[in-house]
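Next come two complexes built around chain A: one with chain B, the other with chain C.
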Partner chain A sequence: MEQTSDLLSVQNLRVSYRTYAGEVQAVRGVSFTVRKGETIALVGESGCGKSVTAKSIMHLIKTPPGEFKEGSQILFNGEDVLGFEGRRLTQYRGGDCAIVFQDALAALNPTMRVGQQIVENILHHSNLSKKEAKAQAVELLRMVGIPQPERRVRQYPHEFSGGMRQRVMIAIAFACKPRLLIADEPTTALDVTIQAQILNLIHSLQKQNGSSVILITHDLGVVADLADRILVMYAGQIVERGQSEDVFHHPRHPYTVALLKAVPRLDQESGKRLYSIQGTPPDLIHPPEGCPFASRCPYCMEICTREKPDVTQFENAHEAQCWLYALRETPEDAPFARRESAEEGEAHV
Partner chain B sequence: MSFLRYALKKLAVMLLTLYLIATATFFLLAATPGDALSARVERLPETVTQRLYEKYGLNKPIMERYITTMKGLLHGDFGESIIYQGETVQSIIRQKGPVSARLGLQQMLLGVTIGLLLGLLAAVKKGSLWDYLVVVFSILLISVPNLVFALLLQQVFAGQLRLFPVIGWPKENIWLGGWEYTVLPTLAGCFGYIASYARLLKASMLDVMNQEYILTAESKGLTHREVILHHVLRNAFIPIVTYLPMSLAMCITGSFFIESVFSIPGLGLYYVNAVAAQDVTIVMGETVIISAIYIFVIFITDILYSIVDPRIRIKGGKR
Partner chain C sequence: MSEKATPVLEVRHLKKYFPLGRRHTLQAVDDVSFTIYEGETFGLVGESGCGKTTCGRTCLGMYEKTGGEVRYRGQDVHALRGKALKAFRKDTQLVFQDPYASLDPRMTVSDIIGEGLDIHHLAATPQERAHRIYELLEMVGLNEEHANRFVHEFSGGQRQRIGIARALAVSPRFLVLDEPISALDVSIQAQVVNMLMDFQKNLKLTYLFVAHDLAMVKVIASRVGVMYLGVLMEIAPSEELYAQPLHPYTQALLSAIPIPDPSVEKERKAQRIPLEGEVQSPIDVAPGCRFASRCRYATEACRHQTPVLEERSPGHFVACLKK
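Here is the complex of A and B:
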């Protein structure tokens, strides 16, 4: 049962980039699966390897400078994506799997009419005539909620507003009814008021098409309602994973706790500073030996800087990679036990 | 309405520029020691000298000459050549212009075509042997003056192989005839275009290939070929299009070196000779006319820009 319903399986994905400064290990052993119709959220701050993971799944990493390390495997419906070439690759991209990028203004060709950008996708993956494809492009624009689509198809991307542009990107992505959609920070460049609309649009199209979605974001608040499962990434690794409610309401890893605290809240005391995680993520040219979050972790212990923690399993397939649980016999609520004191410390800052 | 205002504003700036160029040219010429007649004066009797000076007004104070010149400029009268009697700038351009224009156009057509193809090759095969060959080749072509190429071509193809005439230019059928005369000068002058257009297109294509919309195009499953043809090229051509009119203006105004090495009776050679002989009326006239062409070309470039790049549309224009 489990086996048949996995649409995507990423196993021990390791991606490095060669730069003049050295080899940047952008993704360091990421494994996860996506089931049919499921929504996965990949959460983490900038530079943690979320986008590289997304591009790897689309097989969009340029090699060189990028490099898939020995043992990396991505299976789409049992097929080896990293081995795709030629015709199979171009069918897979856009047909089986589509991606929506963060900045639609940069991601749309500025000198090509919006309609044409949708049409070329349809033509590539179907036997429709040009005329039929054009009609379908209009329908797609209507479907993503763009008013007057007949007129809009003839316009250029710069004539659209930010939210409308992202709707166009979504129309392109869903043009060929992909089984997997990767949304790489689809709302980051948008106004807060538009964000929910775009996410709801993705969600409803996903339901219509029965697609799976990988939603990449740095904002945990955004994904809480939409995602079935949450994967928290830090420094190229997944540090915590679990059902959405579990991760959101009972975060285990101190990094997840910190991310949740960094989400602005309406019920927050006015005048209180918004929480921010001190320090910067580690240098991925020379990744630390121990836990990568150790240098920023308020609960850092001596062992954290020396050795990598094992994965600790909690109930309901909830996992975290942290020494706090690996050492204790009763791991329940570890960050919360000390959360009060941590907040007091924060108040002076 | 708004476009009209834009055009008028542009026109005013263009005229002001032209006026400043004319003024600068006039005073620079006036500041050079001696004048067009001083070389001949020694051999002539005093009265003839005086008559000549009066005829051309060279004995008048500088401000008065300036005003006379500027008044003439207003109705396109640049005055008679001091060296070649009876010739005006217009008559000289009519005679020599087509020669320079044909040579320049042939050079540009050949050079730009080859240059763009090489640039495309270098960009598509980036990092390969082809890429390095194109880079080395274009650096070589840009660093060696075309005068050197002209002499080498003459030596090999005209001197040793005797395939083409050493010097000269077709006298009849000025646009199409006597092609054998034009081969070597065309080759000698096209290298600069090859080098600059190859580099320009390569740089521009690589820049476009790094844009995120190319990633989007790839993510739709388009083949590499389709991505290059439909997405990269059009965007990469924006800088090329703005560069082309400038090249065109440059090519029709003639090249001194090529024209003198091959003894081609073109504008470039004539212009430089006129400067050397201090033939002020001709120098003024040519400078102003050539500047006018350049300024006009820049205006055309602005308009072209808005055609290739839909993001740049004149405000208030048709949407």
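Here is the complex of A and C:
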């Protein structure tokens, strides 16, 4: 990995929130890099810290109650994001780096016409006149596929459907041609047919602008054809990372394996029981000492509950944090990879 | 239909319109017919706003119908009054989509589950009532300790389990499951679906499973109906629907679902049937096929003539003018 092509580098990010119940350690030591033009998927269930990671990159964490722990570092093109202030921060947010949220209705201002909301962003980040900015807003709406953009710019968010609102959000995000787009569950609230449209739109805009994309989702299907690399998060940590094909075809961490098996697939037989992961994710006020997945893992060993596993490297920059590999001198397949074929019939139980 | 099984729910030309002021009507469900047989799971799928929830609720008599007929084990659901209505409500239950909004935050778990027992006088003594509640909690994977807690102390998955326990409390025979898993995480979804499938087998339940997730419906349902804008477009046995969808809408819908496998996905992407535009408004719908404006096979006839469900192969019904 050449240092020069890294657009974003997150090092040992640790974010905590102070609550009445205690300190919630939402993100516990996350490190990754995003290269120019690359699409990265951050996959995990609710509460695993993926949205907090996204907000940290945007410098949107409110402190307090949030808190960046010692040693957390986010570098955008070599610049320290967490140190940004004043003008540079405004320039960075929305200019260099933009975000699309899950709930477009909550993210848009209900009292402002959508055109105005796009213009606002353009005026903030360029020297265009109001008139030019308005014309550009119409162009942006046309670009994201909203029919009759001249009429639509004067409407309010409530006059748009869910899919159209998400298009408006994308128009705002791409208004200043960001180099990094963070899409935080952009299609979770949408129907499948609309979901396909929105994902295609993000993909083509990314190609046009040469932006990098961080796609955050809990739906593994969504990332299969879009992501170059996948990071699997669990309980505030990245448990597995690798090229998309490697993670889908040779998952190493038991959590990834379970997650892939738990998703019903259209090309599967009907009427069979689904593979389910017993239990629930750990409480992040008192995170477990060992591997966070230990309590739900079918391959849990004694050491898993005591100590945090080291990262094991596989070929092709594929990594997993699991004792199944860390204990061995040379990494080899985990027990489930071999047992799978023998117990094919039982795999769904 | 060739099956000899007894029909539990027969829906014939059901219509449910909501008046919007004097001039407009919202046609949420328009001329829908299907039959659910004893012991099966009938999946009702469609995009949001297509009327699947309204249809489920009208079947249980929660909404007055505008036209048509719903028969539950031979009785006209909307004509039931008094004792017969109460018996019907004990026999049929509903599990809601949102486990946050559908449980009263001021009631303890045991009161939520026990409410049905009290209404139908199913527990003679307080001990019996408590015993039944504990039994139900254990059935859904919770335990006695949870009985005196309030719902805000539970996670989404646990709340949905409480909702299911409440529905099962009165020993119903027919359940309408209105998107019971769409608010849950992937790993929790699988737990709840497996549990529902076990209950169906052990308690001999019949389900109407309303959902928008076609992959999940394939797992749980034996027959599936596809709805679009208040109209049933296709009904078929689950395996057949997924292998050979006949309606252009079903084909587009199935091709839009991503499969979690990069190599399969790349292949599928090329064959994906793009569905332009969005679902039109269900207010004052024009005559003709409702899918015509987005259909790639639409002809002039589709815009005037409303297609009706016809049987193309045994058990496989399609409402489309294209042969």
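Basically, the second predicted complex is superposed on the first by the 323 of 349 C-alpha atoms of A that agree within 3 Å, B and C clash if a C-alpha of one lies under 4 Å from a C-alpha of the other, contacts with A are read in each partner's own complex, and residues count from 1 in each chain.
In this section, contacts are C-beta pairs under 8 Å (C-beta built on N, C-alpha and C of every residue); 3 or more make two chains touch, one makes a residue touch a chain.
Note that the structure is predicted; figures quoted are calculated from it, not measured.
Enquirer: Taking chain A as the common reference, can chain B and chain C both be placed on it without clashing, or not? Answer clash or fit.
Expert: fit
Enquirer: So in the superposed three-chain picture, is A:T193 touching just chain B, just chain C, both, or none of them (first/second/both/neither)?
Expert: The answer is second: A:T193 touches chain C but not chain B.
Enquirer: Using C-alpha centres only, what angle sits at chain A with arms pointing to chain B and chain C? Round to the nearest 10 degrees.
Expert: 70
Enquirer: Have a look at where A:H203 lands relative to chain B and chain C in the superposition and call it first, second, both or neither.
Expert: Once the two structures are laid over each other on A, A:H203 reaches no partner at all.
Enquirer: Based on the superposed arrangement, let me know which partner A:K308 touches: chain B (first), chain C (second), both, or neither?
Expert: neither
Enquirer: Looking at A:R265 after the superposition, I want to know if it touches chain B, chain C, both of them or none. Which is it: first, second, both, neither?
Expert: The answer is second: A:R265 touches chain C but not chain B.
Enquirer: Is A:N109 contacted by the first partner chain B, the second partner chain C, both or neither?
Expert: first
Enquirer: What is the contact status of A:R142 with respect to chain B (first) and chain C (second): first, second, both, or neither?
Expert: After superposition on chain A, A:R142 lies in contact with neither partner.
Enquirer: Please indicate which partner A:R35 is in contact with in the superposed arrangement: first for chain B, second for chain C, both, or neither.
Expert: The answer is neither, since A:R35 touches no partner chain.
Enquirer: Residues of chain A touched by chain B versus by chain C: which partner has the larger set?
Expert: C
Enquirer: Chain B and chain C, closest CA-CA distance after overlay, in Å?
Expert: 6
Enquirer: Name the residues of chain A shared by its contacts with chain B and its contacts with chain C.
Expert: No residue of chain A touches both chain B and chain C.
Enquirer: Using the touch rule from the top, collect the residues of chain C that touch chain A in their complex.
Expert: Residue positions touching the partner: 47-48, 155, 157, 185-191, 193-194, 197, 212-216, 218-222, 238-239, 242, 252-254, 256-266, 269, 272, 274-275, 278.
Enquirer: What residues of chain A sit close enough to touch chain B in their complex?
Expert: For chain A paired with chain B, touching residues are 55, 58, 60, 89-95, 98-99, 101, 103, 106-112, 120-121, 124-125, 156, 158-159, 169, 172.
Enquirer: Inside the complex, what are the residues of chain A that reach chain C?
Expert: Chain A residues touching chain C: 45-46, 161-164, 191-197, 218-225, 244-245, 248-249, 258-260, 262-278, 280.
Enquirer: Could you please specify the touching residues of chain B with respect to chain A in the complex?
Expert: Touch residues, chain B against chain A: 211-213, 215-223, 226, 230-231, 234-235, 238, 308-311, 319.
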